[in-house]
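Listed after this line are the structures, all set down as structure tokens.
Two complexes are shown next, each including chain A; its partner changes from chain B in the first to chain C in the second.
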Partner chain A sequence: MLLDPTLVFRAFSSELVLLFTTLLVLAGDLVFRPRGQRYCTVVTLGGLFLASLSAVVFRVPEDISLMPAGLTLDSFALAVKLLGFSLIAVIALLAEADNCCQSPSTALYCALLLVAALVISILGAASDLVLILLALDFLGVIAYIMTGYERLSPNASEAALKYFLYGSTLSALMLFGFSWLYGASATTDLVGLGAFLDRGATSSALSLRAAELDYVVLPALIMVGAGFAMKLAAAPFHQWAPDTYQGAPTCSTAFIAVVPKLGGLIALIRLTLVALPAGSSEHGGDWQALLVALAVVTMIVGSLAALWQKDVKRLLAYSGVVQVGYMLIGVATQSATGAAALLFYLFIYALASVGIFAAIIAVTGKTTPVSTDISAFSGLHQRAPWLAFGTLVGLFALIGMPLTGGFIGKFWLFVAALEKGFPWLTGIAMLSSIISIAYYWKIIRVMYFLPALTDDSLRVPIWLSVALSLCVVLVILFGLFPSGVPELFRMAIVDFRF
Partner chain B sequence: MVPLAWYLLVAAALFAIGLYGILARRNLVMILMSLELLLNAVNINLIAFSRYLEEGQTIGRIFALFVYVIAAAETALGLAIMIAVWRTHQTVAVDEIDALKD
Partner chain C sequence: MQFPILSAILITPLLGALLILVIPREDVRTIRRVGVAFAVISFVLATILWIRVEQLGAGALQLVERYPWIADFDIWYHVGVDGLSTPLIWLTALLMTLALFYSAHVIEDRVKEYYFLFLLLETGLIGVFLALDLVLFYVFWEIGLVPMFLIIGIWGGKRRDYAAIKFFLYTLAGSVFALLAIIAIYFNTGTFDIVELARLQPFAQDVLWANLASWGLWLAFAIKIPVFPLHTWLPDAHTEAPTAGSVMLAGVLLKLGAYGMLRIGLPLFPQMFRYYVLDVPILPVLALFSIVYGALVCLAQWDFKRLIAYSSVAHMGYFTLGLCAAAARSAETQMAAISALDGAAWQLFSHGIITGGMFFLVGMLYERTHTRDLRAFGGLSGQMPVYYGLTLVFALASLGLPGLAGFWSELFVFRGTAQLLPLAAYIGVLGMVFTAAYILWKVIQYVFLGTFDAIRWGTLTDLAWWEKVAVVPLLVLTIVLGLYPAPLLATFDSAITALLHVLP
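For the complex of A and B:
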């Protein structure tokens, strides 16, 4: 089937802009190399801005779909694009400050960020198993490269190795699950898959009775769930996270903490709401049980492990595990409200963590730090008050303190869970929020109540301050004026095409 | 015609062997080869299914082509990471690469 070329150009305008920017960065680096990194960052930021702009301006009419291409261009896809582009722009600021991890090629790092933005924007619209899998794996590959970006650092290569082995094994497992889903339903399209699972029949290849179908679909769903759990660093597949966070260059850590989680969660939302909605079939119920179990295990394991950490990056890795547990509640509700709450909370989580990672870069230096022990933050309040305050706001948002966006996000998530009748799940989430105060307090105490190890004041690079300030302001703004924001995110989900 | 179940059994066995290899081998090269086995098992599944489904079912074969792309990309990256690990650790035995831990 042929598509109208103008329509295709409109639909892929932001992707084309990103692709063009990537080429511009790489080619420009060859030309302007002596003048250094500023060029790459400026072009990257400009490209991301233009891409967001063209995503908003060239909206595809709602009644036209690109189903043959496996893409559903609804407002959810648009919201994901805007979220992803803005987060990657902030990470690009971090990369500039980080001097791109002391590597000869800054351009390559910026190009990777741009390609990651491209993958996210495809992933937001992907409604086909083939496309979801390709995009997720591609995002994984980008993350592995970024982890091992400092080739000469033993820690970075070890971190990349662990991430790679975990990631590729679990994505092969997910692929195996997909192949069984395909065999059972004769389609890879999410809508078709949902309709098939609804009918409870089977495809012509596997002549199974309805009762036997469970033996095929349930293991496949478990494999798919395991793959997603790895992408999100949800327990029990989170073991790579602390090592990778610690070993990777810090701006790559910020990337790993945010972008693969964003990618995995948006794919998970679409898969859940389109193919496996609650109540439509018993498989939807199984999937919900799986997600709830994953959320509970993730919250408990993450909370308990985070309590014993002495390294900031490892601590944030486990705290990221717990945060994913909260977000999985949003998916497990299998409702548009839950998905909207998740998207909002994800945004706040991402801003807060990127802010904290910016502070870590400022404190422990540009390259893969030898040590990111919490004691490095001692007396940060005296050395760099704004940095300490920014970290404090980020931690408060992660805890879910009122007056930060974290509170609104958590509140909304919990309301969505209560609406769908998960009081005990909300209880566990509350409990792990309370426990989280204990481990975040370790950083706050060191920053504000311990004397500094050295007297010299900290020089914070300007890009880093900009990134941190942006995160802090947004987190507080969303917390102070919450009324409009949930509506905005709800709108993103409303015209979700089922 | 060979029944579909045979293909599926071969694929499952291959997948199990690959998983065993990843878990039990300590040499990175062997682990990468086991990863290939996993993806090849998936491909057998996909192609067998697309053959035995209704006439004209091509999506499975196209899916398998994309899986090859993924396999190639991941292997290339895996080898690159292996070289980086070799340069920094002078070993590719995974149980000796354990500097990062709690």
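For the complex of A and C:
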């Protein structure tokens, strides 16, 4: 099959922009060496903006499945692009201010961010098992490098090694699971896989009986689920998260908290809704049970572990685990509402998290050695009121208080879950929201109710202020006027075959 | 199109709060002036509103505004008032004005945040009384929570952080289950409209879900009222909060739960209410526990502020009792039910002014003496005669002396309850006896009578002019309403009659 070249150009316009920008950053850094830092950030932001623009302007008219490439360019892919690019742009602002990201060179860090954006945009369209695996692993490699970016810090190296070992082992397991699925169905295409699971055993490439097919598909699904759980830091495959969060430079922590989760969840949404939808086959039901179990375990384990943390980054690692538990509810409903709610909630979670990490960079940036103990936030209210307020808004969004987008997101997730008949699942989510107050409270308490350890006021770098303000404004804006946004996300999902 | 006065009342404090944000932190005088000015504007608007509602008729929902807010989820900005909510809005605006005026002379620390949070709190509180959409109600409910949490935590007493988080956790724990119930109700009926829902009666056929949904809502309201055994956040929060915070907590925040019961709990689930009052009498037993236990704890209490806090538990118990009586009504006993609910609604208003006044007075004493231990005082009547006189009136009103505002609620609640739930009425009257005991013995005798410690308290000054300004309006209201209750009673009565009339 020959493809129209202009169509290919249109389809990959934003990826091309990102590639070109990556080269521009790396090359330009050599030219502008002494003042390279500012240059890199500006070019990165510009590139991300142009990529978003071209994604919208050169939108492929109708949903086109680029079969040989395993890509489906639908409105979901477009939504993911915009979501991913904007989040990575905010993280690029953090990178500018975080000293840890500037050695050996800021250019390299920015290049990594741009490549990550490229991978996300491919993941959004990926509808082929092999491509999904490749993209997820590519994203993983970027995250490993970012974690160990501070080469001379033993903590960072340990964090990166732990992350790498966990990640590669479970990726291998996921690949193994995919290969079983391929072995049974003789296809790696998600639509083909879905059709195969629909028709059942008779169509199997191995000509199995129904009972025998179960022996192949069920273990495969469990292995795939485990792989996804690691990518998302969902229990019981979350143990890498606290150490990695703590050891990595804070800007990289923000990246790890947001981008791999985004990548994993969008792949999970497409896999679930296209290949394993509810009611199509019994495997859809099995998959749902698996996801529900994963969500429940994740929420409970994350909540209980978070209660005992004394380090801000470790606390946020566990709170991230809990948040993924909520989001898994969205996938587990196997419905358009659930998936759309998930996307929205993910966006709010990412904004709130990045905002809080920006505050952590500002607070801990000057201390040597870097200590992220909660007490570092003492009296932040007096030292830097706006920083404290931004963190407060971020934490309230994570709790799900009204007036923040977090409330709308949770509300929507719960609506989706109740719609599909999961009152007990929402009950557990509610309980873990209540528990979450107890650990977020630790940060709020030291920020607002305790005196500062030092009297000097905190000078916040301008880029951090911009990033934090952006996050706060968006979180509140989506909390007050979410009208239309839900419809937009739902539109992005309904393209899928159910 | 007429002037959207409800939206105006709602938005005025918010505008004030935002305006305060742009005033420089050092300019404390301007911040105070702007804060009080916006509270006064809200109060004036609330007064105009009450007059309008009386003209239009207090028995139906008036001045309704309805616009889509989040169309995707069928959530509306739907507000309206009747004879039940209007007096409570007015009470909120009044107490807020007095509280901010008083604070202008007391609070020196972080003034900007203080006024910002209080005005934000006012928007949240008034919003709850206005909302006619379940989700809107929930949102305002939670908006009120955050500022009060910070107010207790930043400006509170010694154990403020403990009290703040306890308050936050209790309230939120209740309200998340209310949220679940709200979504479930939506899936059953297809609407969040409170008025419509009272007509539709959600889960009429489904006993399990009717139980889950009604208890989800009641839990949130019962924690806020508070009903024994969910009251334990109250003494801590009220005691540790700064004076103005205690006034708003006792004066208005407790009423949110009660109002929720009247506006949502009872109309949506009258059958469940009746079941848990008559067949399985959990609710009246808890109400009686609140009354008797609250009063007994007061008798054993040596902390002045904590005593007043616990007296709120007992007094709000009368409200719950009246509510239970109304739920137990049948076609023949409609009049008794109306009487009980009239008394309950009256209790909301009168408890607001009386306990609001008491918390002001306790705070003023604490500002001077830095102790709340009742045993440390004695014979203050000679040293602070004006203070003594004011406290005496509020204390006697609190124990329900005829001629003062507190009397009418007890009279009407017990008049209704005696007919509908006679046994509960007899036990409840015990609470009044205990109330008289702790008011006269603990408050009056220990603080004002007995031997005067001239060495320790010889330098105490009587109330300053601004302290009198803060309390005297409440005193005048207490006396006027005590002597001439008819107009306010008529307002409540028309709303209550309409409310009960709709129910099956």
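Going forward, the second predicted complex is superposed on the first by the 481 of 498 C-alpha atoms of A that agree within 3 Å, B and C clash if a C-alpha of one lies under 4 Å from a C-alpha of the other, contacts with A are read in each partner's own complex, and residues count from 1 in each chain.
Throughout what follows, a residue touches a chain if its C-beta (ideal position, glycine included) is under 8 Å from a C-beta of that chain, and two chains touch if they have at least 3 such contacts.
Being a predicted model, the structure only gives us computed values, none of them experimental.
Enquirer: Return fit or clash for chain B versus chain C, each positioned on chain A through the superposition.
Expert: Once chain A is superposed (C-alpha atoms), there is room for both chain B and chain C without a clash.
Enquirer: Tell me which touches more residues of chain A here: chain C or chain B.
Expert: Comparing chain B with chain C, the partner touching more chain A residues is B.
Enquirer: Of the partners chain B and chain C, which touch A:P423 in the superposed model: first, second, both, neither?
Expert: In the superposition, A:P423 contacts chain C only.
Enquirer: Contacts for A:F449 in the overlay, against chain B (first) and chain C (second): which applies, first, second, both or neither?
Expert: second
Enquirer: For A:F411, select first, second, both or neither according to whether it touches chain B, chain C, the two together, or no partner.
Expert: After superposition on chain A, A:F411 lies in contact with chain C alone.
Enquirer: Looking at A:P5 after the superposition, I want to know if it touches chain B, chain C, both of them or none. Which is it: first, second, both, neither?
Expert: neither
Enquirer: Given Cα centres, how many degrees, to the nearest 10, is the angle at chain A formed with chain B and chain C?
Expert: Result: 140 degrees, to the nearest ten.
Enquirer: Which value in Å is the smallest Cα separation between chain B and chain C when the structures are fitted on chain A?
Expert: Shortest inter-chain C-alpha distance (chain B to chain C): 25 Å.
Enquirer: Do chain B and chain C land on any of the same chain A residues, and which?
Expert: Shared contact residues on chain A: none.
Enquirer: Please output the residues of chain A touching chain B within their complex, sorted ascending.
Expert: Those in contact with chain B are residues 129-130, 133-134, 137-138, 141, 144-145, 148, 151-155, 157-162, 164-165, 168-169, 171-173, 175-176, 178-180, 182-183, 186-188, 203-206, 242-243, 246-247, 308-309, 314.
Enquirer: Residue numbers of chain A touching chain C in their complex, please.
Expert: 396, 399, 401-403, 407-408, 411-412, 414-415, 418-419, 423, 426-427, 430, 433-434, 437-438, 441, 445, 448-449, 482-487, 490
Enquirer: What does chain B use to touch chain A in their complex?
Expert: 4, 8, 15, 18-19, 22, 28, 31, 35, 38-39, 41-42, 45-46, 48-49, 52-54, 57, 59-60, 62-63, 66-67, 69-70, 73-74, 77-78, 80-82, 84-85, 87-89, 94, 97, 99-102
Enquirer: Touching residues of chain C toward chain A in the complex: what are they?
Expert: 68-73, 135, 138-139, 142-143, 146, 150, 153-154, 160-161, 164-165, 168-169, 172-173, 176-177, 179-180, 183-184, 186-187, 212
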